[in-house]
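Letters A, B and C mark the chains as written, and numbering starts fresh at 1 in each.
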Amino acid sequence: MGKANVNLRGKDILALEYLSIEEIQTILETAKEMKNVIHRDIKKVPALRGKAIVTLFYEPSTRTRSSFELAGKYLGADVINITAGTSSIVKGESLRDTLYTMEAMGVDAIVMRHKAEGAAEYASKVVSPVIINAGDGAHAHPSQGLLNLFTIMEHRCPDGNFKGMKAAILGDILHSRVARSDIQGMRKMGIEVHLAGPKSLMPRFLFEEEGIVVHDRIEDAIKDADVINVLRIQLERQKSGLFPSPREYARIFGLNDERLQLAKKDVLVLHPGPMNKGLEISPFVAYGENSAIQEQVQNGVAVRMAILTHALAGGKE
Amino acid sequence: MGKANVNLRGKDILALEYLSIEEIQTILETAKEMKNVIHRDIKKVPALRGKAIVTLFYEPSTRTRSSFELAGKYLGADVINITAGTSSIVKGESLRDTLYTMEAMGVDAIVMRHKAEGAAEYASKVVSPVIINAGDGAHAHPSQGLLNLFTIMEHRCPDGNFKGMKAAILGDILHSRVARSDIQGMRKMGIEVHLAGPKSLMPRFLFEEEGIVVHDRIEDAIKDADVINVLRIQLERQKSGLFPSPREYARIFGLNDERLQLAKKDVLVLHPGPMNKGLEISPFVAYGENSAIQEQVQNGVAVRMAILTHALAGGKE
Amino acid sequence: MGKANVNLRGKDILALEYLSIEEIQTILETAKEMKNVIHRDIKKVPALRGKAIVTLFYEPSTRTRSSFELAGKYLGADVINITAGTSSIVKGESLRDTLYTMEAMGVDAIVMRHKAEGAAEYASKVVSPVIINAGDGAHAHPSQGLLNLFTIMEHRCPDGNFKGMKAAILGDILHSRVARSDIQGMRKMGIEVHLAGPKSLMPRFLFEEEGIVVHDRIEDAIKDADVINVLRIQLERQKSGLFPSPREYARIFGLNDERLQLAKKDVLVLHPGPMNKGLEISPFVAYGENSAIQEQVQNGVAVRMAILTHALAGGKE
């Protein structure tokens, strides 16, 4: 992977389908350097001094919000947090007006999470600050897709050549923005994607594309996989009737040690967190030697530092 | 408007009635420079480095709280946020003790919002940090009054001479701290103020002063106006019976395009936000060419930077 | 008290029983210097620039959380706040996974409050960042114990020799982490501790040690005391039946002016805040000349600056 040198300044990060292979490579390369910063005794790169970032979350989150907040602060930016519930969003201010407000206040980037698909894209159309989609309904979560690619790269293809790998994505594909961003990113980089989960939670026509295979049994998806991404099960969905009981789920669709044996010996296990251990993933696998789940969190900060640096300052200099 | 050079260091900003014309001019002049900072690529003026500001909000707010937080951060100050609900204010700590706590922690300014009229004044009497009233019940919201003046100045009197202008303030005057701060600031600067709204929401005796005219019909208030400030309608108040139905309200008191024609051609439309579009203001007017509503938000940050700089550091140097 | 010069770098601050006399002295000495910083016009010591601190609070708090946040910011650290309720802790992420997440994000210190006794110790075992216990159930609140010692030192023994002093701790000893940390710290430094409160709220066997005396009547505990620490009464406990009525409590166990006369003339009155005035302490005593309650808050920031500096940077240089 050579220096791609693509300029991403001012680019909204809405979904991986809108990033070129070169842009993805550029972000992953910068993330490598940023990861070193996180390990330093003094975690400060003043690349974004004098820039203002707002995290605007209409759904609760520790992980993603903190990850972006720390990424911004490590880069020297000012970061403010707005969460529905503690903010006057309770007064019923529309998304549009909140975005206008943030723009008018001189904010350089809006990192936003919203329950509606397309919310980030909408934002990118109505205001000028860089919009970074931190999750819009079941649509996309591009920084998660990128951190997964970065984690895979570090373990399986330091040269950045993902081609020929096989990834399995397990669980509630239908409602998962992580799955969607993964699929887009992985396909773009040449990874073959195998999907499995309860039938009621599988999209029917969406992925009838080259390089995407839908399985009935998770065992078939896992077989010979280089990477397994286990999705978080939203327990709330059970009420909808789309869903087997937790015990049933674990028995049929949970990733346990026995099933892991079907994959390649050095398979990489990913999970976006927070995990329901004993449900979609067994504790043994979650904390086992194939798990890169904790590393994903660290890589998340590095990748977000890279995203923010490129989108706000055009690069590393 | 010449350099006023008034020293405001240590001054509590409780209500515009306590600021002299010169003090208001000084703040507006500094705000002009601060507005340039917000447009810069690097938004940092280290005027308040080493100062600590707390935003202490007993009522929810995105706009005002974020505006002060960003203003403080752009100036290099440390800012911490305390909101009732996420804080141990739930343990029932009295306002007095919370103020004492903030003072003892070395905080230089307390930006506070409270539902009780006089809360900020009370605070200014019991503790030594600079108190900046960010809204106390229906009493005052001085930074909003100042940002309105600033917005008017930029559009209609760059020389700072507001005399002879006519402003209309429309809506629930009785419960509005914005109206009160507007009236005080505008009268001080020589603007004639015309008020209109539902009879049940008009104060009876309060404004029987020179330069303040109360109208029954909003058309009469709007006529030939240079500025129209449309107040936010608190939908909660309807339960009180003081209030017509929303449809009725919009029909009789809403600012729509037709009514806007009664004002001067280049009339400036203001609204403190968040707007109930279709109620007190039509979407057409809200986003129309006379609207300075988004600009008000930007000016809010600039004016708050000016207020904080003067009150905490005594000026710009 | 000479320069102790103990290196505390990397040390978790879980409970005062794990700190040596020299370590306590070292922290108190540094706190003296930090207190000067809080009084300066420019409150910035860049000792922790490039360090990241997270406050992770599973129970609401204004005082302690803000105190640590300001302490970190005065030292130039990046501080982020996570509170259960506004965070995805609502998604049911386990404490363990949240800790792993914070560790992976490169955080240098986790300041945590949790309702479970031993939560901080558990954290110190599973992750590598410095853990600072900001309260774990009824177990410990070491920074509060240290700030109390610091307050006593400033008033009664500037030389750091606490030996021979008599302290009374009044109230709900059974459920109080403040009491536990006080007792440990005071005993370590040679202060005699006298306890009194409702019988149902006194631990039975726990303190049958040298230097700790349990009394039935608070008058006996107060007699000739150099220091009285009045604990906060948790009104919620009343439902449990362990507890007299508020009026009864104030009458029998409240610290009022009359009872204060029993102590030494220059007795120091402490309270961890927030106070229930008129219940465990009379307003007269709370704001009277023997009260150091406000000072405790200021000393809290100084002591926390000292703790963070030593634990994260190994000292003051």
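We take it that a residue touches a chain if its C-beta (ideal position, glycine included) is under 8 Å from a C-beta of that chain, and two chains touch if they have at least 3 such contacts.
As the structure is a prediction and not an experimental result, all values here were calculated from the model.
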{"item": "Homomeric contact subunit B-subunit C: same or different residue positions, threshold half", "value": "different"}
{"item": "Angular offset of subunit A relative to subunit C [C-alpha, multiple of 5 degrees]", "value": "120"}
{"item": "Inter-centroid spacing, subunit C versus subunit B (mean Cα positions, whole Å)", "value": "40"}
{"item": "Residue list for subunit A, restricted to those that touch at least two other chains", "value": "86"}
{"item": "Residue ranges of subunit B in contact with subunit C within the complex", "value": "49-52, 54, 78, 80, 82, 86-94, 97-98, 100-107"}
{"item": "Subunit B to subunit A touching residues, read off their complex", "value": "38-44, 60-63, 65-67, 69-70, 73-74, 83, 85-86, 273-277, 294-298, 300-301"}
